[in-house]
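Worksheet: one structure, shown below.
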Amino acid sequence: MFFRIMDKSRVLDLVAGLSQDFEVLGPVSKGDAFVYQRIDDPADLRLDYDTTLLPPKKLFFPPEEQMMRFRVADNEVVDDEVYAAPRVIFGLHPCDINGLLLMDNVFLRDYVDPYYKARRDSTLIVGVSCTPQESCFCNAWNTDEVHWGFDIFLTDLGDRYFVSVRSVKGAELLDDHVETRPITDADTAEFQRVAREFEAGFSDELNTSQLPLLLDAKFESPIWDELGERCLSCGACSMVCPTCYCFDVIDRLEPDQKTGVRIRKWDSCQFTEFASVAHGQNFRESRASRVKYRYYHKQWGYLSKFERVLCVGCGRCARACLAGISPREVVTALEAGGVGE
Amino acid sequence: MTAYQELQQNPYRPWPARITSIIDLTEQERLFELRIIDDGVREAFEFTSGQFVELSIFGVGEAPISISSAPSKQGFIELCVRNAGDVTGALHRKQCGDVVGIRGPFGRGFPFEEMKGNDVLLVAGGLGIAPLKSLINHIHDDRHDFGKVTILYGAKNPSEILFRYQFDMWKHRDDFDLILTVDDPDESWGDEVGRVTRLFDMIDIEPENTYGAICGPPVMYKYVIEEMRNKAMDVDKIYVSFERRMKCGIGKCGHCGVGHQYACIDGPVFNFWEAMNLQEAI
Amino acid sequence: MSTLTVEHVARIEGHGTITVDVDAGAVQSVHLDIVEPARYFESMVVGRRLEDAPLITSRICGICSPNHMLTSIKALESALGLEVSERTQVMRKLLVYGSFLQNHATHLYLFAAPDYVGLPSVFPLAETHPDVVDRALRIKKLGNDLTTLVGGRSVHPVTAVIGGFTSEPDPRRLEAFRDTLIATVRDAVATVDLFSAFEEFEVHTDGEMLALTAGDDYAIYDGEIAALRAGWRRPVSEYRDIITERVIGHSNAKHSTVGGEPLMVGALPRINLNAAALSPEAARALEKSPITVGSRNAFFNNLSQAIELIDALERCAGYIDRLLEMGGSTQVEKFDIAAGRGAGATEAPRGTLYHSYEVDATGIIRAGDVITPTAQNLANLEADMWKFAPTVVDRPRPEFLMAIERLVRAYDPCLSCSVH
Amino acid sequence: MAPRVVVIGLASDFGCQVQMTNIEDDLLDVLGLIDLQYWQLASSGHMPDSYDVAIVEGAVTTLEHIATLERVRATASAVIAIGACAVTGGIPALASHGRLEERYSLVYGDGPSVAPGRIKPQAVDSVIDVDYRIPGCPIDMGEFVQVLSRALQGLSDHLPQEPLCAICKTKENVCFYERGEVCLGVLTRTGCDARCVSLGRPCTGCRGLAEDANLESALRLLDERGIDTSDVLVRARLYNTLEEAFTR
């Protein structure tokens, strides 16, 4: 990795330059909130955003996507190509970049998911530093830092960006489109100061030690019943989560019933149907068991395979949950042995 | 990467396979023999007993189905399918010569090689015989590699006993100890009556070199395992096969979680020692 | 004497049965029984919050739901003394025209046209005259698309609320839509030509003709009530004094009269009263058509609808220009709940629609009243049937009944509206 | 042989039938799959004696409707109830509250007696078994085409069970509760693509109570937010007067 300094005012040049060769996406405002969207006018880009409604997973694994087009008569696939245009996502925060890295483990290992991969391969990532919000707890999982998973990363030093360049492609882009200068010791010192200030910005440090063990030890705990009573089974938490990847597969016939599409769409382990099988058997009939599973899988199931928890502490689920159920609350409750109000 | 995986650029894309034979087993179950149409794919298609395929009928959907035939059967695979809903119902409406799709084989099967040289106790309930049938046939084809083979198989009533034609023949063979039982007998029934667990009183096993394999409805496992433990069998020599909801078969869709594992890639066959440590398993 | 019936007359919205008694070749009686089940809407709104009224009453009719919704909203806004912006008004007009385009195309092609070519439905035409069916579906879809663009959905729009709209169409889509509207004028002209070419029956309707008028605008969303023969103009708030409703023994729908005589509302009365305000292309089409302004042949209601299609397309293109020129976006006007009563009217595709409500100081509706166009037309329609039947009674029975059905259809009745 | 289909309208505004004609782009394709034997709205002809699939719109409000439905059930192998009126009673069922005769006289006064055989409005499945349901006021055209296609293939209806919020999230709407407004999406069966909420209007519950919904918790949460829960229940009853859970 090498580093450069870029004047803050140059960001628009960079975006405009990138737009010549790529589709550029980034955070823009939507009412009081922010969403990742195509940037038509560089001035729309809002690098001062807190967090977006949906995480960037929507750009790699859309809420609903066509997997293949088929012909009914001979049960043949007629098309399963994925067309992914070259693009840049500009302005991802460390948590979201880490979220993508966690998704990569699922979609790019073993049986490689061609749809996700095509989009991932055609996308360059420009990260940007952030300011901790009240709902953030990325510091609990060390996802507040990011060391790979981007091409360029911009750390805000007030009037300038400390630019970390991770990939060859990132270096080229920087070279082609924007004026930068080498870093000085003063820049590095400022960079360190900003990083320390950032760390101090978190409201608390969540105690996550021994979480997998606790989850097993407290599998029958009444904590889950209390949470189950509150949970609305709405699935909002899973939709907004940058690391929830479950999906449902559905065949849709065209009106003439001769051809159709097999699609997949985001699903949630919070829905009753999720773990039901034929003959009326349901492995997670109770709401409590479903709420529990979401945490069990995130903090232990995934960890058992990839040695990371499946959460980046972005706090989106906590914001989205009308019942106020959040990883912070659940982890604290497991630590303390009960759900606090 | 195996030659087969290399062929499988898109693991969600089913291979067309032709139905080459359909046998009515019971009112609800039929045995379908399939032949993958593409020569290269067919030849590369290798599996172990206990693995499953995703059966795909475009316009309806997919369903995970265990392979019932033995790996030693070349060029064809058999699926024993109960008409349980949309996909399986649509399959039941298909005819010989029709084309369906299959993806797979997926999952972990029974440790056939490891079992060699030992005795085997297979316990099936209802449709659970489907994956075990593959194992039984495979053992049959390699019979000299195994010690004593005991099969306990229970169903609700005589009309629900699957592969009865074959088992009726086998009952008279001395290289297999086969005991059948039903909950509700009719006049024609000459075999045992009652739960499959009852049959444990009738068998004799050498626990130190016996492998167990269980497949059946979810309620059955607990009791069968209890009986096996009573017979002093080692927990890590017992294998269980689980059914869970699945949408992809390859560890992505998330539906088949059993505790911290996925039934599709970590199972469906689990070593009982592992399963004991799996929440929600039994 | 023999009694002939057509049960559940097809290709109209709702359920009605025609009964004709014929004795020795002479027509003795003609009835249109509206067997559409009673739904008691005026009682349903009582006790609900005022915001619910547009949602409830728009379920009177799925064809002209934008009209019911807007008429209800207008009546409530009048009760609350709430003024809305010009932008909101223009958008509402687009919504009404969406329902005009959709309704007229459906009525003309799917419901009426098969009669002229002796078919049970339009579907067989898909094979013999695909161009005609395509045209029909094109205009109909355009109407739906317009309602969807502005209202979010073609049946029971979602964005129109008391005080304005909850969402704005994207200007780029509006602009594109404008071009489609202009391009479709050709289809509408072809529709007028088609219906002009059909051989038409004649019946001289005697009833008064009413429609909204608003200066030199072709009134559909605001204006006063105008009477063709009597020549008066009166404000909408007086509609209950003008129109008298009466329960008729043989029908679940009430009959209406104005000054003791039956009345007709709909496209023909609108053209008769507002011809001078028609858009240029529509005025030209009227000129060429067999209709003369002031015509009393009820069958010409069909052709009048066709002419209105042209007018609607041109007018909407103008409204879109106006919206784009205005820029900005609609805000939902805030309002304070206060006791009051108010009435509202719009021109639904098949005639003037009135709603009125009485709201208490807590925002709960205490009384509601709705008079639908079809309810206004029924007495006149039945009178026309009495007059028309003897002129065709010598035809073979099926043809005779078909002719009467055709008259019923010419009114484009919405029977479920009429029983509400 | 194409399945023979009839379309029957009970008490409704015909909105769902209109919606059926509104699939312009696909109408002819859909019609190509079926043998449409009776559809009063679109074609002359008589109700046949035998058919395979009956599409029923509207609530049951007369004795004649009951008789019609019983005939339909005895004849059709599949009954598809379309629209809120047929599925949950919808708006017509608002009249099921209180005394029907009072409503009658409010609307018709004491003139000649009309509306024979009138009864309190009910949903179709309170009279006969229904095989497929397409909820909503009006139905979603896409859902209609999909369910009809599933019915023709003899598949299960796949009616979603979860509330609206998940799909609402995928549309990136800011939740109404964050703005202090009430939205019934948290209780309402999904499947409408969150159209209303995405257009800035809170969900009014036209698709009925979601099976997965947690009404108890929702009411408790609203209460904690200072929202009058009895008012929320009144709102929820708009399209769901017959839903017992909303009556308390």
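Letters A, B, C and D mark the chains in the order given here, with residues in each chain numbered from 1 onward.
Here is the rule we go by: a residue touches a chain if its C-beta (ideal position, glycine included) is under 8 Å from a C-beta of that chain, and two chains touch if they have at least 3 such contacts.
Remember, it's a predicted structure, so these values are computed and weren't measured experimentally.
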item: Distance-maximising chain from chain A - centres being C-alpha averages; value: C
item: Chain-chain pair with the highest tally of contacting C-beta pairs; value: C-D
item: Chain whose Cα centroid lies nearest the overall Cα centroid; value: D
item: Chain A and chain B: spacing of chain centres that average the CA atoms, whole Å; value: 38
item: Euclidean distance of C-alpha centroids - chain C vs chain D, Å; value: 25
item: Interchain centroid distance [CA atoms averaged], chain A/chain C, Å; value: 51
item: For chain B paired with chain C, centre-to-centre distance based on mean C-alpha positions, whole Å; value: 65
item: In chain D, residues with contacts to at least two other chains; value: 153
item: Sites on chain B at which at least two other chains make contact; value: 59-60, 85
item: Where chain A touches two or more other chains at once, by residue number; value: 250, 253, 257
item: Chain-chain contacts as defined at top; value: A-B, A-D, B-D, C-D
item: Residue numbers on chain B that touch chain D, as the complex places them; value: 59-60, 85-86, 89-90
item: Complex contacts: residues of chain D adjacent to chain B; value: 153-156
item: In the complex, chain D residues that touch chain A; value: 23, 26, 29-30, 32-33, 145-146, 149, 152-153, 158, 161-166, 168-170, 172-175, 177, 186, 211-214, 216-218, 220-221
item: Complex contacts: residues of chain A adjacent to chain D; value: 30-33, 35, 53-54, 58, 63-64, 229-236, 238-240, 250, 252-257, 266, 268, 270-273, 287, 320, 322-323
item: Residue numbers on chain A that touch chain B, as the complex places them; value: 67-68, 70-72, 74-77, 80, 106-107, 110-114, 216, 219, 245-251, 253, 257, 260, 262, 264, 267, 269, 274-279, 281, 283-284, 289, 293, 296-297, 300-301, 303-304
